[in-house]
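Shared between the two complexes below is chain A, which has chain B as its partner in the first and chain C in the second.
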Partner chain A sequence: MIRNKKRVPPGLAAGAAILLLFLLPTVLVPLVSGVDPNAMQAGAKLLPPAAGRWFGTDQFGRDIFVRVFVGAGATLSVAAATVLIGAFFGVLTGAVSGFFGGWADAVLMRLNDAVTAFPAVLLALVLMSLFSSGGAGRLILALGVVFIPGYARVTRGAVASVSARGYIAAARSQGVRRGRILFVHVLPNTLPSLLPALTIGFNNAVLAEAGMSYLGVGAAPPDASLGLMLSEAQGLLFSAPWYALIVCAALLIPVFGVGLIGAGLQRMGGEARA
Partner chain B sequence: MRYAVKRVGSFAVTMLLVAVLTFAAFSVVSGDPAQRLLGTSATPERLAALREELGLNAPAPERFLKWLGGFFTGDLGVSFSYKQPVSELLGSKLPVTLTLTAMSFLLIVLFSFPLGLIPSGAGGRFIGGVRAAFNQLSMAAPPFVLGVGISWICGVVLRMFTPGAFPDPGTDPAGELRYLLFPAVSMAVPRVAMTVRMLRSGVESELHKDYVRAAAARGASGAFILRRHVLRNVLASSVTFLGQTMAEIVGAGVVIEQVFAVPGLGRLLISSVLTRDYPVVQAAVVLLAFWVCLAGAAADLVNRLADPRLRAEHKA
Partner chain C sequence: MKKALFSFVSLLLASALLLTACGKGKKARPEEARRAAGELTVGIAQDLDESLDPHYAVAAGTKEIMFNVFEGLMKPTPSGDLARCLASDVKKSEDGLTYTFTLRQNVAFHNGETMEAADVVWSIDRCRPNDGGEGLIPALSNIADVTGQGDTVTVTLKAADNDFLSYMTLAVLPEGYGEQATSPVGTGPFRFVSREAQHEIVLARFDDYWGEKPALSKVTCRVIENAEGLLMGLQSGALDLVSHLGSTQVKQLPEADFKIEEGTMNLVQALYLNNAVKPFDDIRVRQALCYAVDVQKLLDTAFDGYGSPIGSSMYPAFAKYFDESLTNRYPHDPAKAKELLAEAGYPDGFSMTITVPSNYQPHVDTAEVLADQLTEIGVNAELKPVEWSSWLSDVYADRKFESTVIGVDASNMTARALLERFVSTADDNFINYQNADYDALFEQATAAADDAEQTALYKEMEKNLTENAANVYLQDMADLVAVRKGVEGLTFYPMYVLDLSALGWAAAE
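Right, the complex of A and B next:
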């Protein structure tokens, strides 16, 4: 990768700032608030936002401010784990497929086509109902599998295009081992196209986790998760509309921030290639 | 024509693959359906009798063929939790889901094409602003968050409908359509934004091609070039995108039906996943996958008819 004086696009900086501003309370609030996010208070149900309980309380009298950040932490960490699994196996299969080609490529890509023909929600639901037990791990595994094909396809394309460059031919002609060419020369140079895909994947994973939890097949009560909270809040739209709006905002802010980062990275990658 | 036969063939192969995988996966996890149907207190004799009746003693390939045939004959087994034939359950939910999907698809086509094909200059800043706002929305808002937002704004604040009060099936078709409009819009908005972006970049890249400059040099008006040359080229490539859109809305519909409490296939699927009602889950999954693959195949075929370049490539 060329590391000359590249200007950081303003969108990327703004996105990073938004994400950081959101992550800070997500990490800190559960640590310093001293409030148990699952503690119920019979006398304090559905109180509107006020001093001391900034986002009000839910139908069990739990503090929404604390729960939103605890829930966001749960949602974001499941999403991150999902991306790690999906990206690891996706990049591996995509790289092998794009670099070596041949029958392995043909088989992997047909399999890929078959899986991507399914809507992601449907596939995740099938996988969730197949895995019989295992809480959050089950969801991470199911979503991770769902995201493998996307990463495989992006990696395959990037690896194929990098492999066609002159310096790869030069390395080959010097008799560098193929494995070394792939991991030292090709893969690092696919980063400009892989990084934006990772950010998009992360956002999809956040929304997928929230979606599955919303449907009741992800996180289980009483644990806080943004999807689960949104489904609770939806039932309270008439009596406590702020609850749903706060949860929606908590879901959209990090996604928006990461989206800006992704768009910025894409622009930087495009400039690097140009 | 040869292409059509090939495409239908590959559609059939994909569906067969989906059916085999679904059947195999659920056969492994579902345990003994007879036990599930009769409960734990059943006597061994009754279990054996029911197993014989359901054909569970036959080898797996035979059971698979019988199940696959069930999509044509209507015998897809019995639901564990409703104790009702699966085909009856699915049949009663299908019309609502198809209506919802069709409405959403129609909305997407109706809104994205005018918005996407008006060149950025035309319409002034207002349309440009609408477009930019849409794009922002598409980046951040998934259908189910939008759905909750729409239920709040249209249902609670503006009182245009009562969220959760879907009319009893069959009693009030107009009311059903009116209710379905809100979930259909929630599903359509992000997809409209994506389609608009796709169309815009398509138009943009076509406008920079030589044939457009040549037409302009001949004195053709901008509107004529757009209508006669650019649109035809852009439309051909957008057909495939619309095929993918169908897959997206089927997926989004599963969630949206839950958001708006629409008694459709998606809601049945979710509740069946939660209660481990495997006969229903596997049939619903294959049905939804069928719909998605059908849309993909149809898009490819239409594309082929509309775009002579693809036919030429194939011959070469």
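Right, the complex of A and C next:
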């Protein structure tokens, strides 16, 4: 069977659509609703969803509809920033150690192993306690560091395999500088394996941010954050079950969308290589 | 494949059968069986201390339950006074230095021995800082000598102390009994039966109790560490009584089966301000915050209207010392608050942090509502949740904080326990309150000869705290207790105890 290599897998398109449909209100609702996500109303506590307050109100009478999207925005941007930091340093380390090998590889990868040896949540908690203040920046930094080793390992493998190919040897034989070979010939060709890793990492970062906030070490109240809202909703499971369901959905939908994109990218990458 | 399908279907059938069986067995409800036997099961949110020895117990939750097993010469009453307990009579000498206790006759310990003067002397000696004692109660260093003879025990003090009798609530234990930690023995209305760590502790009625015997024959305290579990226990019939619930939690219980009783936590909940740091070193700023906060609205928003507003470091259950007029010293008045801020040089407000212990949800909720209210006067308050251990070390011990929401309790039933901490030199003056008038008042109060004079001075001290807006006083939080219908006699004390001897099932209709 002959396949068109350019065709976009249906999963990827569906994932992108889901993500877009979720991002749209996440960006727009806080801008156009005109409702302060932190405004409390003593007389309107734990009201069920209805017209005008589509997702109901929480234990302080705040509008869950607005808070869910504000919270999702906070969670997703922290996740994105985390991935950016983790990927930047991870790819750099992985590329250097995969391309140059030898003692640089040995040192960097042992460092990498050392960081991986700590359980991720524990490491993030320790890092958080090292920085005494800084709000979201502190969380991004802590989670970013935790994510570096994963990217480093994936990149190192991909770089090593690409470097072994004939055209790299050809470039070397022509005397192209090693830095140029790495950045122009090697790294772009590792994208098929890097992109899916980025999407998986993004999803892990979303869950990690929510987890940290759920544990009370991430976002600080009264700021809306999905993890924080989930821990509030847990205590109200019997009196306001919709609260927990809505927050869970808001957490799962983007993760599902990005997951589909990742799977699609992986298939495309696989076909491209085949 | 076929085999897998078969086993799946049989599993479904089996579970369906099991479900119907459960439905049929529902007739014999566990709470009805307990009612018939005069037994009660109480749900508690944390396990008791590892050691049940009353002289070593630290956690409030341990004292709360073991209050029923141990007694002292004196005993706290629900109104906040002290009543004679193991002492049938107390005489105080003219100079206030000698107390003579006449012991009650025929008081039995749970192990069958009879209480004697030697047991009382041994128990007091064990707690006071002297050669043989272990110094468990520092205030007892004021004792010069304790002697016992026949049915009297005489205590001689180094200096007169009006609060002395409150320390004599310490548990009287049989002399030399070595297994208090695992198999405690006292003289109380209930005796210890068994304990399984992290699971339950069982008490039973002591049939040789000297006083009125309790109605309940057996009480089981079951440890369930999360609120949802406690609620489900109540609804399933596994539990009859749970204290310290939140307002959103009690709302989830069916009204037909449960009564909600409202007591107070006996805590002074406030936005405690570090008086030594800017801008809280300025009285006008502190007063502005007091005017900006709307306590009633706070109670409505975060506590469903439960809770008693307070205006100083004293809670209402301490009726003798509580001054109601201080509660409304700072009515909600944002305009006045802004005026004061402008005078202090902050016309546009300022930014501050509120450190909160992240494991105490009511305090976090309170801080969240306060932050919302303070935006009205331009003050931007940011919450900083910290672990309980870092709260204790950073805020309480090292005083590195701007403001914090917390509840402060009294370690014993004296006004001093609440007020002494704000004396300039007090070790536990974590808000760095420095006020010469206050210090002088405290000195006069401790030296006061009679009780009425002392009470008046303590009230002056409370007023001093209010007038200087030492803290933004909020409330004594409601202690909501869910009690199964049919259980009667729940009594609230101005301290953290659950009096099981007063509880019982009403006669069945």
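Operating definition for what follows: the second predicted complex is superposed on the first by the 269 of 274 C-alpha atoms of A that agree within 3 Å, B and C clash if a C-alpha of one lies under 4 Å from a C-alpha of the other, contacts with A are read in each partner's own complex, and residues count from 1 in each chain.
FYI, a residue touches a chain if its C-beta (ideal position, glycine included) is under 8 Å from a C-beta of that chain, and two chains touch if they have at least 3 such contacts.
Quick caveat, the model's predicted, so the values are computed rather than measured.
Enquirer: So, on chain A, is it clash or fit between chain B and chain C?
Expert: After superposition on chain A, which the two structures share, chain B runs into chain C.
Enquirer: After lining up the shared chain so the two structures overlap, which partner does A:Phe100 touch, if you call chain B first and chain C second: first, second, both or neither?
Expert: neither
Enquirer: Taking the superposition on A as described, I'd like to know which of chain B and chain C A:Phe89 touches: first, second, both or neither.
Expert: A:Phe89 sits against neither chain B nor chain C.
Enquirer: Spot which of chain B and chain C makes contact with more residues of chain A, would you?
Expert: B
Enquirer: Now for A:Leu46: first (chain B), second (chain C), both, or neither, which partner does it touch?
Expert: It touches chain C, and chain B stays clear.
Enquirer: Based on the superposed arrangement, let me know which partner A:Gly211 touches: chain B (first), chain C (second), both, or neither?
Expert: first
Enquirer: With the two complexes superposed on chain A, say which partner A:Met128 touches: chain B (first), chain C (second), both, or neither.
Expert: first
Enquirer: With the two complexes superposed on chain A, say which partner A:Gly259 touches: chain B (first), chain C (second), both, or neither.
Expert: It touches chain B, and chain C stays clear.
Enquirer: Could you say whether A:Phe238 touches chain B, chain C, both of them, or neither, answering first, second, both or neither?
Expert: both
Enquirer: With the two structures laid over each other on chain A, which partner does A:Gln59 touch: chain B (first), chain C (second), both, or neither?
Expert: Once the two structures are laid over each other on A, A:Gln59 reaches chain C alone.
Enquirer: Just one of 167-175, 185-193, 203-211 or 293-301 in chain B hits chain C in the overlay; which is it?
Expert: In the superposed model, chain B runs into chain C at 167-175.
Enquirer: Under the contact rule defined above, give the chain A residues that sit at the interface with chain B and also at the interface with chain C.
Expert: 216-217, 234, 237-238
Enquirer: Please output the residues of chain A touching chain C within their complex, sorted ascending.
Expert: Residues 38-43, 45-46, 59-61, 133, 216-217, 220-222, 234-239 of chain A touch chain C in their complex.
Enquirer: Touching chain A in the complex: which residues of chain C?
Expert: Listed in rising order, the residues are 227-228, 231, 246, 248-249, 251-252, 297, 300-302, 304, 358-359, 361, 364-365, 367-369, 371-372, 382-385.
Enquirer: List the residues on chain A that touch chain B in their complex, please.
Expert: These residues of chain A touch chain B: 114, 117-122, 125-126, 128-130, 132, 207, 210-211, 214-217, 230, 233-234, 237-238, 241, 244-245, 248, 251-252, 255-256, 259.
Enquirer: Any idea which chain B residues touch chain A in the complex?
Expert: Of all residues in chain B, those touching chain A are 14, 17-18, 22, 25-26, 28-29, 139-142, 144-145, 148-149, 151-152, 155-156, 163, 247-248, 250-252, 254-255, 258-259, 269-270, 273-274, 276, 278, 281, 285, 288-289, 292-293, 296.
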